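What follows is a structure written as structure tokens; I'll ask about it next.
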Amino acid sequence: MYKIIVMNSKHPKDSLTIITDLVLPSETNPIGNMFGGELLARMDRAASIAARRHCRRIVVTASVNHVAFNKMIPLGSVVTVEAKVSRAFNSSMEVFMDVWIEDRENGMRSKANEAIYTFVAVDEMGQTVQVPEIIPETAVEKERYDAALRRRQLSLVLAGKMAPKDASELKALFE
Amino acid sequence: MYKIIVMNSKHPKDSLTIITDLVLPSETNPIGNMFGGELLARMDRAASIAARRHCRRIVVTASVNHVAFNKMIPLGSVVTVEAKVSRAFNSSMEVFMDVWIEDRENGMRSKANEAIYTFVAVDEMGQTVQVPEIIPETAVEKERYDAALRRRQLSLVLAGKMAPKDASELKALFE
Amino acid sequence: MYKIIVMNSKHPKDSLTIITDLVLPSETNPIGNMFGGELLARMDRAASIAARRHCRRIVVTASVNHVAFNKMIPLGSVVTVEAKVSRAFNSSMEVFMDVWIEDRENGMRSKANEAIYTFVAVDEMGQTVQVPEIIPETAVEKERYDAALRRRQLSLVLAGKMAPKDASELKALFE
Amino acid sequence: MYKIIVMNSKHPKDSLTIITDLVLPSETNPIGNMFGGELLARMDRAASIAARRHCRRIVVTASVNHVAFNKMIPLGSVVTVEAKVSRAFNSSMEVFMDVWIEDRENGMRSKANEAIYTFVAVDEMGQTVQVPEIIPETAVEKERYDAALRRRQLSLVLAGKMAPKDASELKALFE
Amino acid sequence: MYKIIVMNSKHPKDSLTIITDLVLPSETNPIGNMFGGELLARMDRAASIAARRHCRRIVVTASVNHVAFNKMIPLGSVVTVEAKVSRAFNSSMEVFMDVWIEDRENGMRSKANEAIYTFVAVDEMGQTVQVPEIIPETAVEKERYDAALRRRQLSLVLAGKMAPKDASELKALFE
Amino acid sequence: MYKIIVMNSKHPKDSLTIITDLVLPSETNPIGNMFGGELLARMDRAASIAARRHCRRIVVTASVNHVAFNKMIPLGSVVTVEAKVSRAFNSSMEVFMDVWIEDRENGMRSKANEAIYTFVAVDEMGQTVQVPEIIPETAVEKERYDAALRRRQLSLVLAGKMAPKDASELKALFE
């Protein structure tokens, strides 16, 4: 009489996506460092693949959380973007990314920045569809999973879709 | 005995930067809409030119504030990014952008999304340098100027550089 | 019994299109200046959007008038292309462009070059369709509107579609 | 006591440059034909190589003569640009191009359009330098060589650098 | 009662395809030479057009034979890829390419490398279709035609589709 | 009195490099599959990073071994290139790549093809420099390590730098 869809929950590691690539001359600003816009676009590609691996549907970028560019990334660098879904809400997925650069000579990796994008799963007509739940495993994954709820409330407050006083998780931060 | 640098303050309109361009096939996702990452990169170019017009120095992207993609932008659309510096803080500038798409047949413009990026002015060696103050003129410019302080506090709190309890502007929001 | 299509005439300002963008390393020649071909392509995008804004139809490039590159445009420049329809003829539109570069340090804008492209409005099958008339307003718009007729005659003469002796406007030039 | 530079004259065939390439999806407009701007850019690359082969110096685009796009070039076409220097004047060279497309199934080549670009030879500092003379050989080369003088006068008249009454070659056209 | 398809044989020169183009900054590695990958992509485009000219069908890359990069190709070089079908086998075609670079100042051409790609002709559904035979004419074409059979055997052996002992042409090489 | 440089040997896993990325419309041929040339270029970037991670020097592409394209890769696919150094010889490194595509709906990965590139390590002047040895660990790595010697001999024979009769490893293959 009715259809039951069982969606198996997944783990963050199931969506791990890695893009390692060079910084080319056409991707740098006048002082020889990677353009912020170029990194934002690479991260969007990595995050969209991670989201797609989580839900196996078409995904579209819904929002970009605060991204800080803490470290300049010089021409010729090898940049690695590692993306994993950190939390799923109905039809949306938060994807957390770590961006690394490595020194060619000594091989040391250092964190360039972190970023968080949100994607929505849609069908061929562009209508939103439900996505599987996610179960974090490592300590870092659990921490990011918990913080995702605060970020979501912040996002809703900023968009005027939630009253600040109802943003329980967020409110606690300022008490 | 000492050098006095007088920096004339500027108005938001002095930095107005417009990029109007088409959405090409290589910039679209499987359901025929513009990739979020491509729009993020275009906005970075528009915002960097606006910041450069405000301070007349080399500028680098420092951060991207929360960006929501509310509207799908189909292949062949004409997209207009309008960027203006909304507030200046020492060596950094907040740039506020409005993104519009227009219907080819009836010519109506509709708002696709808003975005806020922050840039830092640097010298040839990459050291930060001071930028002129800004004086908002219109009602919208004044509102964005005021909100910029709250966003800055939020940014400092998220980066762990300010205690939530010291974020006066932000705290007021939750009371 | 029959359909009357009233096409409201338009003004040049209705089609004003601005593309402001940087000159990137991949767009420069061996002595570090912007390739002519890259500027020709940017101007084609700006002019096609202006023509489309005038007629709200699909438009295709019909011809490029004489373009002189008077000024070298160095790497890192901010280049602004401003395009406006200058005259409409049946299904074609002449688009006049002014190209500006600006000095980063003192903010002065200088004219890099002018260019004129012609576009034709077509339907989905590629058949030409009529476009609205245009009514110039400013002194510069009126001057460009008048000169457009001479350019059109020159174009027809060069294409062998008009006898030089019939090119009244053009002939007057050489008397 | 003084230096004599003997520059051997050359023939148009010495500068023949051929670019045969596909039309890719990212290079087409909404009705599936190649963008005019993309063809203008390809022609600029072909013409610049032809000019460089004639003079063996750095060359920069000085102007683009009238270009008519007579034929639509659909996605997936094989486009061949053939460029040859048609005439040399002091430090400038006129390059004449024929653009061909070919039918995949029957292999027939048809002329898509012709174009004429002018290049200037410069040294490493951007100063103009003299180029070798050119001696046309075939009937078509001779015809293009002669017409080049008329085009140059037209160009000087349009730029306001020659009075129409002094443009002897051009004037004859209207008598 | 049955259909006879007569496919006229062709000569290598019928498929000659030339791409002459510049090496741009975005195509170079950290020591200022053209990326191997960029040259591989240009050769694929040239070879695919040559194969298509031979068979007048849709063609897809089937394999790349051993390619050696013997000579560095510096930024700003003029690179010429010359491609010709060297042999046809049922539905596949071997394309042989010579890559030349030329010195800007003295105009000397030197061989940068050779490469061999194999293409397969397919119909709109992706099914393989037969291609015309080829008849080599010059001494070099005949030599490449003969060697193509050895390369094909090597390719089949490496793919595990032919026992080394059956590769008659190849075996002779080691005796 | 003299300098001893100890180069620690490395393992294949130390150079593992992963590029996961989408196939965009501008990267596809007329029947909607990824161009061979585009995949060759992506593999070159992945392999060059793997080689660089092994030796921590500048690396340049020396050759591409036989590459077979067994499987068509449709528009919108997620393609993963995994590259690892398989063997080191003096200043050169063989890099072995596995290319995977995955089905969006069921998440199954399938092998699209394998490829082998060789890179040479150079200093800033382009002179070759020695690279660390490699010690294979897994069964697959050992098998690839052994086969690399045969491929090297084949490469030398094809380049005319080794007599077929001296290619001991290779000769054994045909006995």
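By letter and in written order, the chains are A, B, C, D, E and F; residue numbering begins at 1 in each of them.
Following the convention adopted for this analysis, contacts are C-beta pairs under 8 Å (C-beta built on N, C-alpha and C of every residue); 3 or more make two chains touch, one makes a residue touch a chain.
Worth saying up front: this structure is predicted, and the values here are computed from it rather than measured.
Participant: Using the touch definition from the top, list the chains contacting both chain D and chain F.
Facilitator: Chains in contact with chain D as well as chain F: B, E.
Participant: With chain centres set to the mean of the C-alpha atoms, which chain is at the far end from chain A?
Facilitator: Measuring from the centre of chain A, the most distant chain centre belongs to D.
Participant: Specify, for the interface formed by the sequence copies chain E and chain F, whether it is same or different in terms of residue numbers shared by both sides, with half as the dividing line.
Facilitator: same
Participant: What rotation angle superposes the Cα atoms of chain A onto chain E, in degrees to the nearest 5?
Facilitator: The best-fit rotation has an angle of 120 degrees.
Participant: Which chain pair is joined by more contacting C-beta pairs, A-B or B-D?
Facilitator: It is A-B, judged by the count of C-beta pairs in contact.
Participant: Taking each chain's centre as the mean of its Cα atoms, which chain lies farthest from chain E?
Facilitator: B
Participant: If you average the Cα atoms of chain A and of chain F to get two centres, how far apart are those centres in Å?
Facilitator: That pair's centroid distance is 31 Å.
Participant: For chain B and chain E, let me know how many angstrom lie between their CA-based centres, rounded off.
Facilitator: Result: the chain centres lie 50 Å from each other.
Participant: Would you kindly tell me how far, in whole Å, the mean C-alpha position of chain D lies from that of chain C?
Facilitator: About 21 Å separates the centre of chain C from that of chain D.
Participant: Touching at least two other chains at once: which residues of chain D meet that condition?
Facilitator: Chain D, residues with two or more chain partners: 25-26, 30, 45, 48.
Participant: Applying that definition of touch, give me each pair of chains that meets it.
Facilitator: Contacting pairs: A-B, A-C, A-E, A-F, B-C, B-D, B-F, C-D, C-E, D-E, D-F, E-F.
Participant: Taking the complex as given, what residues does chain D use to touch chain B?
Facilitator: 25-26, 28, 30
Participant: Please output the residues of chain B touching chain D within their complex, sorted ascending.
Facilitator: These residues of chain B touch chain D: 24-26, 75-76.
Participant: Please give the residue numbers of chain A that touch chain B in the complex, ascending.
Facilitator: 29-31, 33, 35-38, 40-45, 48, 58, 60-69, 72, 117, 122, 124, 126, 154-155, 157-159, 164-165, 167, 170-171, 173-174
Participant: Inside the complex, what are the residues of chain C that reach chain B?
Facilitator: 17-22, 45-46, 48-49, 52-53, 56-57, 78, 102, 104-107
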